[in-house]
Every structure is written in structure tokens, then in C-alpha cells.
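All remarks here apply to the structure that follows.
Chain naming follows the written order as A, B, C and D, and within any one chain the residues start at number 1.
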């Protein structure tokens, strides 16, 4: 689908299991093909977008599209197991599916233990998107499980309603897509899957000519953020931290050494995922610790205003 | 010094540079010997402490002991430079010292750029200790720059007043120490040094027979935490995340798979340091998301009470 | 081009710089686009090849196609520099090109220092291919700089004339390609580039139904080998070592624990590259340490015979 | 024990299990305490050795001191299992001990499968020492399981009779030790243990004033080598490769960029271990590829001569 810069879109995105896990008896080893998971909504072609430009995607709203979400411990996938590349000779952990029912009155999802002991827990719904990205550079085509410079499967809880993501455009039209709705997720996404659920999504998409960041940047009302994705995990951190240094050089005119120093004392570093093809780390700088500044010509503030002008969001799929 | 379990102590700890950097003209390459930095206060011998026991250290108060702190970009030390083991053939970054003056009226420390451009910034004082540890196992003696299972130089902003740290005892008497006061620090401690400053410290130290955790655990009024330290960074994360799984098995009777799942959706993962001999990651579980539970027989709550009974803390060094 | 299993091919492959570095005055920063380097010869469609099959590529002959090769220290690329993901704030190493002239009388290439001091050295020509691979799984398209399960840019000196490479087929027709001729290369390919040169290549390609290995396997007259590719480097090693364990289970009927033990005392582990998108490690087991066995129904021996029947190889491009 | 530079010593070193595994029924989980393994012979005080000096240890002879060796897959220890820091929630591999009987007629050790299937194999005895080191810097005391800048548990098959190891002295007297005899070992030491056996050892020890290398260097009749030890494995490689660059700068007067280039095309990189507290990689440069040069004033050649003057080595313990 072709869109013009400045377009608002109401979208539906299927869950990362492609609706294959609907009960605790649906096992990933039988029903999930890791080469076919994480279906995306898109790609969208943005008119006028050229390599070197910056795509801005503002999430206006995320609303769960079903009354339940699913999570799974997939054999040899996840953070506390050996995997396809962190290879060992050990047996896998037991293939297990958890179903979380959404209680709209309390806006919680319910965790139910599958192994017989311990309390059930109601957890606040905190909707986010695991995947927001543009087409890769260098004529590559990547699985939607991959996070990288083009964004993609970063799996950070920071990708929530109200934030604006800035991505460097690699191909004509940008060819962006999104998906992988999570009703909630811990930092690191330890077991490899969040509370995965179909999601209704409202976004505004705009284009900035030039100014492509090296790695995804995210702006919220309260923070400047950058996301690095690589293995080992320290390289994800290094890449995100350097990107935030570069952003502070641009925002404030600092020498890189001063930006490095200031951010050493102020930046936050919540992990995003330690389970995907690349691991991802978010670096965050609080706006209230530094003087006011304007990023990307005020794009975030403009999109916030535009978002409010959309009024109450409803989905009629 | 020998102490009995339950003792409260008022301590002074020198800054990590051992007072060698007092102005921006004091350069680390000339005045700092990395083999001699980070002086600790201790070790203290706790009567009755034996291997397998758990030492509880509750930080009652942290108060800056000077009106300024120092930070430095030490050549080939830090997160955004090649180092002694992440070896490259590149030149080092410029050896630079920053001095932060403390404004007690606003309780801020002042960042001043050293390279000529960009704004000065007043940052809130948020005192923490970089280093809290016991003697290592296996008759090792480690530099105070090392974080590991014994605690040590974890360099996490979570080590603030009000938290209780649980450490497995490795040797008779535990031989704990603390130091490395930071007037504030970002997560990751990117440049390798925080706003380093001499600190007045009040702690209460107690002993739990047995129950030694595998990795340091920290309890605050709001969170259960574990700290993993290793390289690469994902191993620090794995170790801390497994430790938090083990704690939830103990607290709630969960099977490890259910604890793994629940924490995958709820735990926070703020990086501590990506610059020390081992990297450190904190894993945090919010108490308000799960049913009330009692850890280590209520040690944290008891110490909180005892801390309040100490009244206003003053230091007369 | 479509070929039948059992076909012998005489091919030409351009050098990895795409002929852009022809003198020491041609600098990588001006003439080389990392997104466009490493041109491959192919892809070739093998009739009858289906996912799950095994492609066997036997290198009959490698002959330099030019009288010189080139190597370069490309800014922010290589093993002893910070890179696009091992990000630091340091300056790059100096962009430098070396030209190696081939002396056909002695069959050596000449190293000439570029920075004025130290001896020139004549090094034996030891031709190899950096890149041999099939199309990736999961509908991905990867840069020819990537080594992975599909083979690709493994950059190991073991990829010389006389070896047979076994690759799991991921797509119909296998779509294999090769390229990246090296007149010689050290293990690890430290600076990121070998003595890169256009190469004349003779290969025989055959198909084994089923039996796809998990990672590339290589058989020579003297060794069984497996190649793992991942980051961090220990994951490349783990993957290759597990693959060799699996091969020994198949060859000898060992339990995995016995294969693990036997290979712990016998396998060699020469690094391939520590510079590409994934790092690669070769694991080698000497045939003369273990009883004779037959791999892939004797494919390697058959191809050796067939290669000899081809007689003297000449190239008439 | 105090020795003068130039002393030859005949030593005995107990096996790494401290003689605890004598049959396949002796299990590591019951009989081996990882905090107490790998007993060393030493430390020896070398008269005149001061920090910054270089200790040279030449291995004249290694002769197995028993008629059998042992190897074990210790739970949560080794390269193809999760470990104490590469933590997962999986079960351990089965605790297993293998006994290798030495056949002095054929000079082989016999591998016998423990899980019922597959052939027995006689493997050549290739004696080596896992551990050769001096006292650490910075007043640290490290477990004998640790390889680092001070040498230690590098576990490389290159540590065989005929090589000279150069280690930087950190403390007065150097305080060197050795141990961890292996009757043979594969590169990487995949399962975590070699064919461990008590060893008779003859060494000559000498002192070079100044010239301390950054990492251990090894010289044989055929190669210059350096050993890097760190995690992740690429940092071990980086450190060893940089050390070899530094050595070539010293040997030949090259600029670091030319040494980097030359070694990129010539150095070998056999892994040493991927299982110890730090991983170790050897970097090797063949002497026959480069002009003759003299390292450390000809120490290796001198020691070779002195070794021959010792005549036939016999041990009378």
C-alpha cells in the first residue's frame, strides 16, 4: 500500500504465533514454525522516501484485539536455554504454552501457573509492539525475527503508544511494516515470547528528508532513546550508547567526549531482548535532566498534536 | 574490625580515584594507577559467619563527604573505547577529567563541558555505592574493580540508601567491605567512572544462617532484585535472571518454568556496568505485581525498622 | 544457470573488491562500497534439489586469474579496530591498501610494507575461496559478506582445492554460488581482507537426497570438518563443535557423550574469520586418528576420482 | 623454593583432579571440588626477578608419570553445556568419567566409549602442560583454573616439550608455577578436561631484565606465538593478535599497520580452551615465512642448547 507522508493509519496485526497457539494444549513444537512466525502488517510504501531520509512513525494507540494472549517456552528458543547457536548437548526445557485471559474491567491479563504450584497473578495490560521497521539496506531481506539498524524485532516495552520512532530509510519508499503485538513484556523477554496477542494499532507516519540516524531513535514526551541490536549484548549496548552520544552532539552542540561524559552520569539502559537473532538494548536520556531541545524539527510534538486531533480511536475490523 | 550481627556502622569511604583527581588538570594517565584504585572500607569480620551463610547489608544512609566529585575518561578504559582486552590498534580517546561541584542548596552536581561547546547542566545528587562485597570463594583475592558472585564492584545505581543486599558467605567471618561512592551514575557507567566522591555511609549488618544465594540479591521496599556479573554481557543477564527465577521458586513455590514465564512478562533489566572486569546486570521484580511474600524471614523489613530507630544520621569524622 | 547433479564447471570469480583496488593509491574509503562488495558467481540451480537435501561441492582446482592481489585495512572494518557494531568513539585506523604481486616462478605473492620500515616478504600462494554457499532458509536474502548455516562468507583457508563441502539445501534448486578468491589468508583474517584476487575455479557439484547437515561440513582426504558461524565467537565454536559431534554419532554410532569426549581429545579448532557479520570457526577431526568410515555414501572419494578424470585443468576465459 | 636464573628443574605435578578420579566409577560430582582442583607445582621464587622483567620457561621434557589418565564431563562445566555463568534452566549432561590406559609400546592412550556403542580408539600420547604461570599483578590471588595475562591455565596443546614461554613478571621473585599435565588434548578442550595425568617435567628457567610482554609469548623452533585469554572468545583472539603484532613490530621494525597486514595473511589461530574462567586463543606465526630474527636476545636457541646438554632425562621420584 502506498501512503503519503503525514498519513494516519488504523491497522490490525496478527499475533506472533500467527494464531497457532489458542490453548495450553497447542504446543509450539507442533504448531509453530519459527521460519514462518511473526507476521507483519505491511510493507507500506511512503511516497517520496529515499535512502538517507528519516521515517517517523508515531504510535497513537495500541488496543488488544482479542480477549486473550499466549506465551510459550519454545524448545531451544529463549534466554535461559541453549539455542540454535548457543549450542549445547543438553535436552530442551519442556515445551509449554501459557494462555493469559484479558480482564477488561481491571485491564489485566491473568498468569496461571502450568506446573501446579504457586499463585495466579493478574498483571496490568501494557500494550507494545515488538516489531517496527523499514526494509534493510544492501538488498537484503530479513526475517521478521531480526532486530537491526533498520529497526525490526527490537522487542522493547518502550515501543508503546505515545512514542515516535525515527528510522533511517534504506530503499525507495522506505517499505515499513509493524507487528508483534504484546499485551505486556518484561525487559529482556527472557523466555523468548511476550504475552503475544493480536493488536489494533493507530499510527501516524511522516517523512523527514535526510538526517537518517545510524540506529533507531525513539522520542517520548519524557525521553530521548536509541536502540542498538547486535551480539554479543555489549555490542548492542555500545551501538545504542554511541547513537545517543551522536544525538546529544546534534541536540546540544557537545563535543563527543562531553556527550559521552554527560550520558555516563544520566542515561538509563533497560534491556529490550536477549533472545532474538540480535539482542537489543535501549538507551534513554530523560528530558527533564537537560535543557529543552528540538529533535527532527519538532516532529514528535507535531505528531502528538496531530494524534490528539484524531479524537477517540475506535476499530471496526 | 570484628562486629556482631545486627551492628550499625557509620563509615567513611574515600573516592575511587583515591583522592588523586582534584581538578580538571589532574589526568588519570598521570595520577591514577588502575591497579591501586577503588580503595575499600573494610574488611569487617562478622562473628559467627560461616561459608554457606547469608550476609545482609542494609544501607541506611549515604551522604556525600565532599563538596565535589570527579569523573574521568581514562585511556583504554570504559565502554566506548577499546580496552586492555577488547584490544584494537587504535589511538585512545583523550585523557579527560571532569569536576562536578555539589550545590547543597539544590542538591545537585554540576556538569561542565570540557571541550568548549554545549550547555552546563545541574544534575540531582543520587548517592550510591559502586562496591559492596564479601571475600571471594576458593581462596582467591580479587581487585576491588571486580564484580562477581561475591558482589564487589557491581556499579549499579540500585545500591542506594534503603536497600538490603544479601551475599553468600564464602569464608569464616564473611570479610565484607564497601566503597566507591558515586554522587550519581547512569546505568552502564558508560565512560567507566561515575561522579566519584568520598562518601559517609551508615549501614546495618546482619547474618542469616545458611540460605546463601548464588548471586547477590537486593531487596528494596518495592522490588526484589538479583545482580549477575560476567562477560559477555548476556552471561551477566543469564546469571541474574536465573537467580531471580530461583528466588521466585523460593518465595512462591513456583516450578522453575512458571517462575521463568512470570518473570519474562514482569522483570525489569537495567544494566549496571559495561566497563568493569565483569559486566553487571540487575534484574528487578516489582513487589506490587505479585502477592506479598517474605524473603529471608523478613530481614529487610526488620532492618528498615531498625534504621528508623537510629534517628537522624550525622557524621563527625 | 541450471545444472544437473554431477556437473563439473569451470568458473571465473571477480575479486571481493570488485576490481576497485588496483594500486596502493586506490583507497577503500573512496572506491569500495561495503554494501556492494564480494560479487559471487552464481546462483546455480541444481535440478532435483529440494529443502532437506544435501549439496556437495567439490573444489577441483583454484588458479589465480591475475598476476596480483589486493588487501586493505578498511576504516571501521576488521578485527583489530572498532566496527559498525563493536562501536567506540575512537578514530579509525588509516585507510590503507596493499598490492601483492604474484611471482609465478616461485608461486609466491609479495608483501611490501606501506609505512616505510621492515622487510618485504614473499609468501607462498595458497589459493582458497572465501565464499561457498546456498540460498538461506526462511525466504531471507543475505549479503555475500555473511557466513551462516547456509555456508557463505566463512573465509576459512580450509576451503582449498581437494575438499568437498556439504551444505543443507533450503530452497528448490539449492541456488548455490561461490566467490571471494584469496591467494592466501591467515586464520582469523585479522584485518578483514585476505590477498584478494580474481580466481579461476573448477568445481564438481552433486546432490545427496536428504541428510542435510545442520551446519556446513567439509571433507578432505585427511579430515572431517564442520564450520560454525555466529557471534560471539564462542557460539561459532559451540555450533561447529556440536555439528562435528553429530557427524561422529552418524559415522561411528557413538552416543553423543562419547563423541563429545573423543573429539575433546582430538579435534583441531583453527579460526576462520573474526571480522565478518558472523564469526566462523572450523572444527577438524583427523581421519588417521579414527577407524575408516564412509560419509555421505562415499561422495568425497567419488568426487576425487571424478576430478582426476578431468585431466589437466586449463581456463580459456 | 628459591632458584637462580638459568636453573634446570626436574619436577612432578599431580593430575588436575588431584588423583580423585581413578576409575570410571569415580564421579566428578562426588569426588571433585572445582574450588580445589588443578594443584600446581610451585610457586618458585626467581632471584633477581622484578616487576617488568620477563621470565623465560623452557620445557625440556614432559613424560607421563602414570600408566593411565582420566577425563570427565563434570556437570555444568565444559563447552557444550550451560555453566555457572552461561546459565540456563536445563538439566546437566550426565556426570561421566573416562579412563585412558597408556600403552607404552605404542605410546598411545586408549579411548573406551562409556555408553555402549562405537569403536575404541588408540590415540597418540602428546604430552603438554595446561598451566604455566607467574603470580598475578595488583596483589590478586587467582585460582589455578584461570588463564590471563600472567599465563596460568591456558590449556593449549602448544605447551609441549621444546617451547619457551615468556611471561611478564608482576611481583618480586616472579613466583611461577606449573601443572595440569595432559597426555593429550584437542584444541578448545571441548568437554572441559583433557586426558589428565600426573606428569614428570623438566624445565629450564631464566630471567630477562625488562621487556615484559603484555600477554604470554611462546617460541618454538618453528613459530612465534602469543596467547590471549578473555571472554568473549573474540577478546581472547583480539588480545593475542595484538600481542603478535607488537612482537612483529619489535622483531622487524614494522609499523603496526604493516605488521597487522602481514599477520592477517600468515598467522594461524588454533583455539586453546573455550571452557575455562577465561577462554584462550593461540596466535602463531611460522618462522619459515619471514626473515630470520632474534627474540629476547636469542633466549630460545640458548635454552635449546642448554637442554641438549642435559642429556637423557630420567625421573627418580
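In the analysis below, a contact is a pair of C-beta atoms (placed from the backbone, for glycine too) under 8 Å apart; a residue touches a chain by one contact, two chains touch by 3 or more.
Worth saying up front: this structure is predicted, and the values here are computed from it rather than measured.
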Which chains make contact with subunit A and with subunit C at once?
-> B, D
Shared interface numbers for subunit B and subunit C above half of all numbers used, same, or below, different?
-> same
Comparing contact pairs by residue number, the option in B-D, A-B or B-C matching A-C for over half of them is B-D
Could you find the chain whose CA centre sits the greatest distance from that of subunit A?
-> D
Cα centroid separation between subunit C and subunit D, in whole Å?
-> 30
Intercentroid distance (Cα basis), subunit D paired with subunit A, Å | 46
Subunit D: which residues touch two or more other chains?
-> 80, 86-89, 93, 231-232, 238, 241-242, 245, 257, 260
Please give the residue numbers of subunit B that touch subunit A in the complex, ascending.
-> 71, 73, 79-80, 93-94, 96, 98, 111, 113-119, 121, 123-124, 184-195, 231-234, 237-238, 241-242, 245, 252-255, 257-271, 274, 279, 281, 283, 289-291
Subunit A partner contacts - residues on subunit D that touch it in the complex = 80-82, 86-93, 232
Partner subunit B, residues of subunit D touching it in the complex = 35-36, 84-89, 137-143, 228, 230-232, 235, 238-239, 241-242, 245, 256-257, 260
